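Data block below; observations after.
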Amino acid sequence: MVCIGVVDTTFARVDMAKHAIQELKRLVPALKIKRYTVPGIKDIAVAAKKLLDEGCDAIITLGWVGPTQTDKFSYLAYSIAIQQLQITYGKHIIDVTVHEDEAQGEKLKEVAINRAREHARNLALLITKGPNALTPLAGTGQRQGWPDVGPL
Amino acid sequence: MVCIGVVDTTFARVDMAKHAIQELKRLVPALKIKRYTVPGIKDIAVAAKKLLDEGCDAIITLGWVGPTQTDKFSYLAYSIAIQQLQITYGKHIIDVTVHEDEAQGEKLKEVAINRAREHARNLALLITKGPNALTPLAGTGQRQGWPDVGPL
Amino acid sequence: MVCIGVVDTTFARVDMAKHAIQELKRLVPALKIKRYTVPGIKDIAVAAKKLLDEGCDAIITLGWVGPTQTDKFSYLAYSIAIQQLQITYGKHIIDVTVHEDEAQGEKLKEVAINRAREHARNLALLITKGPNALTPLAGTGQRQGWPDVGPL
Amino acid sequence: MVCIGVVDTTFARVDMAKHAIQELKRLVPALKIKRYTVPGIKDIAVAAKKLLDEGCDAIITLGWVGPTQTDKFSYLAYSIAIQQLQITYGKHIIDVTVHEDEAQGEKLKEVAINRAREHARNLALLITKGPNALTPLAGTGQRQGWPDVGPL
Amino acid sequence: MVCIGVVDTTFARVDMAKHAIQELKRLVPALKIKRYTVPGIKDIAVAAKKLLDEGCDAIITLGWVGPTQTDKFSYLAYSIAIQQLQITYGKHIIDVTVHEDEAQGEKLKEVAINRAREHARNLALLITKGPNALTPLAGTGQRQGWPDVGPL
């Protein structure tokens, strides 16, 4: 049975984990979900690490980043940790991050939900079908949350 | 007995540790506090590491960051180290950082005290109730120090 | 037999891997290619790590970076991870990254294809001829994707 | 006998190590100083590491940073390394860095000397009296090199 | 016999390694040079690591950085890796980096050559005479490539 860890925050303004979990359950048979909710993005990496130590095969993280320079620096420190975890464990951590300067209000909510769902699909494909599952889409300008832009 | 390490600085302009400790003592029964005071944020990570090595179950750090680009870079180096420590030890380090460009004077003091107290509550919940303690608040736009912004 | 891992993304707008693989096959006799396609640059490092663990002798990565400050920070986190992997494994990971603010439309596509092909040649030389293969070109202002600028 | 490593640079425009050493000798009985002079901040971390490997109990580093964006990025890489060293060894590395955009001429010299002396005092207290030596000053707005700003 | 690794790039517009090697040979008796040429700065760290694994006592790297924000971020990732290598191996890696926004044309070439030679001298001193070889110059405002600025 595949175990996927889901880490989300109370800082986020949309319950993205709910949507990611729905999508994962629809796509991955015999799935075990472990959810861990933390205050903000600076607390996500350690939660992901704990879920990997408990045997999860992959993680999806649902972060939310404010609009200031300080927020961006926190995002950077967070991102470096998520990279470090992935190359330590050799497991995918699909990072769904929404930035408050991407859009406003309802539009931002829509971006968040779509991004969570689309990345859940990416993760389901990688986990169930392996390294070449996404190869047919290589170089095709896929976007998550916003419309795909297509190949040049 | 739960041990929580508290690391704070002489650089800060508010004794945030006092407030964090009060709140932790109120919420966590049979609590042991170990406090370590250092000059500034660049000295926090090693103090946190020492407290983890002494057996603390989690850490709360109380940092203060000046307004310049250099200060932000120091914050970034600090944040990367705190991330690294968390994913090495698998323990939460709740980072309460106040940035001098957030507000001025009395308002900044209020932000600092509230943030310390609110994050102490977050930590108490995570330590005593585990990964799903905060899940009812997932995606609800919680803020620490400033008013919550709510879900979209 | 030499094994080269090729990691690319669905975010990219050009199928750079196709061109890199063509060039590698032309230049490296008895070559085994392992390709791994991921959503975006934040997923590349773990794929590269897995291919190295499966025995690849070197990796070529084909990334694509959007134009915003957030995209640049993601690029930075990605780059730090690729550096970390290289110095952990002692294997070359030739990083072909295209930035959307480099050019537009057909020109950007041309840059991407040329960069992928030229770096594939660099990698083929390093893998088959070793540390001094590129020494005749040292300090000569080679560029990949754009015209060489020559020595001063 | 306590051993403190002192790492300084030829890039700096003030012999800060001299002042730090004077202050340390005044405050720490039975002190052994090991000094290591390197070209610039990018060479400090490895010197500190060598002194720690030789048995030093703590390090004070005396860096100097130019005013450009590139200089700031070098400062950031340096700071990340100093953090990494501290959390690897569990030893304090008190970082005295002077930035050329802080002040000019005689004023900058005064900042440099005062910062070196004040941080030497911080280090002496931490080394000889431990984690609570600075607690009476927690949250009191101490500054090194510039006047203290006091609590809010 | 001392072994010094020299890592340079085809991206650079000046053959700095030639000058560094001349200077090292002049200053270090019984010297073994191992040279490794790579495409650009993002490939330097792994080459340096390989030379250290082959037994080199120290490394001099000769990098060249373009003028854009992206180039600076690549420089930062590179610098972090060079720091990491140094503190892992406990060996000096003297980093000679030229930035294209420092000067133009002939002047930039002169900066590059002088910087390579002056840092080769720094490395020769550190390797042959140890931690206090540069102490007489501590705090004297030495610059490499540009004129020294002297002490304040």
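Here the chain labels run A, B, C, D and E in written order, and each chain numbers its own residues starting at 1.
Basically, a contact is a pair of C-beta atoms (placed from the backbone, for glycine too) under 8 Å apart; a residue touches a chain by one contact, two chains touch by 3 or more.
Owing to the predicted nature of the structure, the values given are computational and were not obtained by experimental measurement.
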item	value
Cα superposition angle of chain A on its copy chain E, in degrees to the nearest 5	145
Interchain centroid distance [CA atoms averaged], chain D/chain E, Å	25
Between chain C and chain B, distance of the C-alpha-averaged centres to the nearest whole Å	40
Contacts with two or more other chains, residues of chain D listed in rising order	76, 80, 84
Touch-based graph of the chains, sorted into line, ring, star, complete or other	ring
Ring of chains, enumerated from chain C in the sense that reaches chain E first	C, E, D, B, A
Residue numbers on chain D that touch chain B, as the complex places them	65, 72, 75-76, 79-80, 82-84, 86-87, 90-95, 99, 101, 119, 122, 126, 131-135, 137-144, 149-152
Chain B-facing residues of chain A, complex	8-18, 34-39, 42-43, 45-47, 49-50, 53, 69-70, 73-74, 76-78, 80-81, 84-85, 88, 105-106, 108-109, 112
